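Have a look at the structure below before the remarks.
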């Protein structure tokens, strides 16, 4: 349940805009990485406190990456420095958000969810990422490790990359695109999981398989709940006519929308597959019960009449002529043999054997 | 059924606009709390009758909170004083309403539903809350205790809060937001309930579990029926261009819409989970029947042939050579042993053991 | 099937606009009630034939209520007198219509369905009601008794009622509202029925319960088919800018739409509940089969081995040392007792007892 | 499968617009009926070849009814004479089309499906009908007998009918309306079929019933696939502002739309009913298995312990004191009787008897 | 899983627009066929490298068909020569795309999926085809053999075909139409497969049938996922007002949309059918279990009482009067016969025989 609805008790009765961190702290201390770059140079440094993060206008792209959300005071100060509305800072801190985009004059605010699926245990973990960007600055807020944006950092190293020669909007796009890539990775693990459960289902289904299908179903349900808002977000971003987004970036946003549409389609296909697996499970259980019943019926139907016959000649009546006859005993075996063969043929005909 | 459709017999044949209280009276006497505040001062007092509630224009925000609906005359008089259309007063009194918003010139009328889920018995109780607000007055109508707006009263005490420095529209927003918060609390209890039923389901399912799932399903169905109109209401309020709502409040209404969208998503996820639990239940029943059948089949299939063999040598035929042999008896035990072991191997192979 | 699709054989091959009554005549003779009223006076009289029903313009509201549809000639004549298009008269006569609204210059034509559910037998009966109204005249067509508009007639008696002081559009609204009230009454009986079937389901389910659920399902299906068009109709009426509808009436039409939306929601909730009841039924059947199987398995598994043991010592072998021993018989009882107790413990452990 | 997708192998690799007849020829020779009429006169004659069908402008309505589609050359020539685009002629010939409407300047082209359900075998047969009409000419193409338009021909005979006094658009409307009437007839047979299967289901369900339900389901599925496009078609026709359609005809088209909406609703109700029947079937099977199990369990549980008791006293131990007692045998019967009665009471309590 | 989501590991961390081939290479070497034609002449030749593919303006239609995608450098060069945006070239290379259309000034870019179903093994294989066309050039990219466009090549040979006398837009339409034809062929195989599984289902269902149904379901799911984007694509193309598409071609695009709508309908009908087959399967399994149970119950219920009777007279009590009677033994047979006949009648009445 935790995944769907985090405890909000802390916030009950507080006015909107109260800065309270909803979620588990994943870092000891807030870490602030500042990266400044243009086509020719790139500077990275870790900043001590919120006071060193101030909006500047120097013709250079600045990316402020805040890792760790539990220090509400620092986050609040950064938000204040960059003119974020208290409600938005609250959204950054409350990791219970759904993905969304909000546009303001000269800036865009985005909340995203990143998912990781453990390849071994298939546990899902979620992290909330928020972005605020204008034409030359991107501020990103992460809950903590693992760093979702490592690949972007690597790409920024290359002097000749497109990333270095464009503005903050392209950086923001790249960050969002990376988050979408994490969904694809999560869906890939999920796909592998589905495959392995399906194999188990076809060759050796047990109650454990059913529980695994239930877990799968829940995971897909959970991802679905997150993927749909991503699609809306991407579509809104593509349609946006906010001047923060340069025309050259639009084409990339179209690509982003395409990716989120594919995410939705894959999720829906997974749902259908899993519901199909449940049907397979139920019919395999029915089939096995059928088989068990057949074995019981064959044994019981053959031997119960035999036992009856044997019982008859075990009776102690004084006047039972057959008991005295010379060939009674072998004849009885003959009769039993004939009956047995007839029944086997009957069961064969019914395709029970 | 009561939750879905209260008895309306009282109203049959009455013209629209008739003031009849549909619902159970939850108070002995109607209580009217009047709170007047601005940034510097705050006055609270309980008013005796409807005549003391009159619209005034004194540059101060007035909140009239009417608790108890059964005294239709008093309610009617208050409505009349503030110029409410009889149809709206009828909506206030008929606790059978769905959440809705109606806009008029210079005022907005809102009907809401508050839900409480008992943490022990998981019983749902509903209360209807109606609001009418213009730029400087909010009138709220509650059915009775518990007071849904206690947290707002506390926040009003603080002189430096946002609530004190803004108009009636922000107060109205805060009241609605409090109602939405009650939904989140209800969903949290529901989530805990789902978790406990699921645990029971996986470790010790019984017919009682199925009935519990049925109750869960009904509760979710019921909340769903109430949450959807809340979402429409919030969206309508956000989109409204009624001058009653100040621009500064708009941002908060957007936040409200976000919350109701999350409510809907959680409810839908709950629905899916519960239907998954039903499947789990059915397959666990099938599995257990399978196991029972296996035990029966193994016992019957092993011992029925043995009994037959014993029956054969219990027959009283005069001419049965085996009966005379010296080692017949131990040999028979040997035969039985061999057959038994073979069958056990067979069942092992079939994975029934 | 009758409820969904009445025999139309009579009409095959006839051109559109042919006046043929499709349905069962519910009256011996067509009865025409004419009510004329304004704020000060009210006249009611029964008119003999269609010729006495003519449109007049006397500054008074006229309500012509035609009860009984089988006399196609009279209906046709009335339609002609008031300038109804033959296609509309055909709609009045063909009780196979779905609820709909058609607007013309200076008049509105409405077809409605009224439903009654017998509280004892739970049989549904339907009646078609058509209305045509302009600014000062309402013509209503009913199939026959029971009179759906009795409550309106009573309200018209009161001189101080809103009904008497407004125009024909408010009368038409009141008639439609009365039809919607009949739906609520029908849903209430349906709700009571669901409750009683559910109780039976939880405490004593049988195949009869399943058939009752099937009947319920069909009834809900049938009402749903009628409620959806009612909602569309109400919404269309609310949105209509036909001058026939006075502004003062608009607010009431909004109320009407709200009611039909609630109807739809209740119907949908009923559908969900009934499908949940089916699942409960199936799982209770499975559970009972499980219990039957357990009893069989316990009996068979305990006594079949015992019978085998008894069979062994019933054999007539000459050389069976145990037969001669002094304490064989009591020992055998001991062995049986030990085995029995072990098995009971085993079954207890498996929670079969 | 044939019904859903006719073999198109013949057409593979051919360019669009190739005139190939897809379907089974239902006639030996193409027959062309030409009917010319106005208010005063009516001429019918059978024409030999395509060359005699030429567009003429003589102030008279001309209806050219082409029956039989396998003679692609003739069809092609007629199409050419009346200026039909090769793609449309291809649509006429390919009986694999879905219902559709295409509008051009001065003409409208319509493809329809007519369905017949055999009342005995419940087999569905489909025929494709295409219409092209302008202000004074209607060309209709049918696959063959039975003649779908017989009732229209009869109505044309009457000199005073509306059909004779209006233009080609009303004739086209009448033809389409006739096709819709055929759907109602088909749904009526389907309804009767559903009723008979349902009766069988409630009183004597067997595997055959299930297969019948499957057939029903398939039939409904098939009709649904055809009815939805009919609804779109009718709505498009109603909304069309093509001058080919006279204003006087518009009202009739509205009626047509109403009919197709009812078709859709009935089909959807049928679908729901059939799926309910499947549930009934499954639960009746479960019930009967339950009953079988009960009989088995009662017999086995009562007699297996008795057999054990009898087996005990059939043992040949030397020292069994009971064997010697005087009243052992009657006492044993007493014991058996007591056990038997106890068990019957137990089963009675469990409601298995 | 492979069909839904190809391994994208290669691409992780790469910037958008990176040219990486995602998929399995199906060719050794990229093959480039260039076809140039107008009404009078047709030239086909295989070109060596990308450098020979340059946009030219010679009043002739040029079709460049690139077969094989693994040589990213060549593809990249061709894309560069014709001014394709790197993102589009990336789409061409990433065979993980969904069908889509993107319009630019003076050109249209289309990605399609072709499906083949093996008639024997029912394996589905997919190939991605991309098209870029302007008024006189079409560039198509295929993954490899089989050549999806063979039929077009044949039609181009004919000097008098429509294809030769129109522009590149008609060629592009023809290529897309061919892809849609491949869907129909795939659906035909699927239909045949459904028919054969259904027959197996009705006459000899086994667990293998269920697995076959599961495979069918997955195949339909997979095709559905591809068909829906095709429909959107066709509708977008039809609605497009890009000057690249000549008016004369519009009519053909309408035809294309019709075809894709039919694809969607057939797929949906298949889905319904397959889910119906699953129900049939489950109920046939239940039925067979029922039959097995009946046989067991009949045998056990008849012979267990007989065995008990025989057991009684096998007891060794000293005082059992019946043992001494003269006609005990034949009387016993008589009793057994009577009981047996009674039970057979009872089972007959219950319709178990």
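Each chain carries a letter (A, B, C, D and E) given by its place in the written order, and its residues are counted from 1.
Heads up, the rule we're going with is that a contact is a pair of C-beta atoms (placed from the backbone, for glycine too) under 8 Å apart; a residue touches a chain by one contact, two chains touch by 3 or more.
Because the structure is predicted, anything quoted here is derived from the model rather than measured.
Q: Rounded to the nearest 5 degrees, what is the angle of the rotation relating the C-alpha atoms of chain B to those of chain D?
A: Best-fit rotation on C-alpha atoms: 145 degrees.
Q: Measuring centre to centre with CA averages, how many angstrom lie between chain D and chain E?
A: Taking the average C-alpha coordinate of chain D and of chain E, the gap between them is 26 Å.
Q: Need the CA-centroid distance for the pair chain A / chain D, whole Å please.
A: Here the centre of chain D sits 42 Å away from the centre of chain A.
Q: At least two partner chains per residue is the criterion; list those residues in chain A.
A: In chain A, residues 282, 286, 289, 293, 296, 300, 304, 307, 311, 314-316, 320 touch at least two other chains, as defined above.
Q: Are the chains arranged, by touching, as a line, ring, star, complete graph, or other?
A: It is a ring, because the chains touch in a row that closes back on itself.
Q: If we trace the ring from chain D over to chain E and keep going, which chains do we hit, in order?
A: Following the ring from chain D in the direction of chain E gives D, E, A, B, C.
Q: In their shared complex, at which residues does chain B touch chain C?
A: 1, 4-5, 7-8, 12-13, 15-17, 85, 87, 96-98, 100, 102, 207, 210-211, 214, 217-218, 221-222, 225, 278, 281-282, 285-286, 288-289, 292-293, 295-296, 299-300, 303-304, 306-307, 310-311, 313-316, 320, 322-329, 332
Q: In their shared complex, at which residues does chain B touch chain A?
A: Listed in rising order, the residues of chain B that touch chain A are 151, 154-155, 161-163, 174, 177, 181, 184-185, 187-188, 191-192, 194-195, 202, 251-252, 254-255, 258, 261-262, 265-266, 269, 272-273, 276, 279-280, 282-284, 286-287, 289-290, 293-294, 296-297, 300-301, 304-305, 307-308, 311-312, 314-320, 352.
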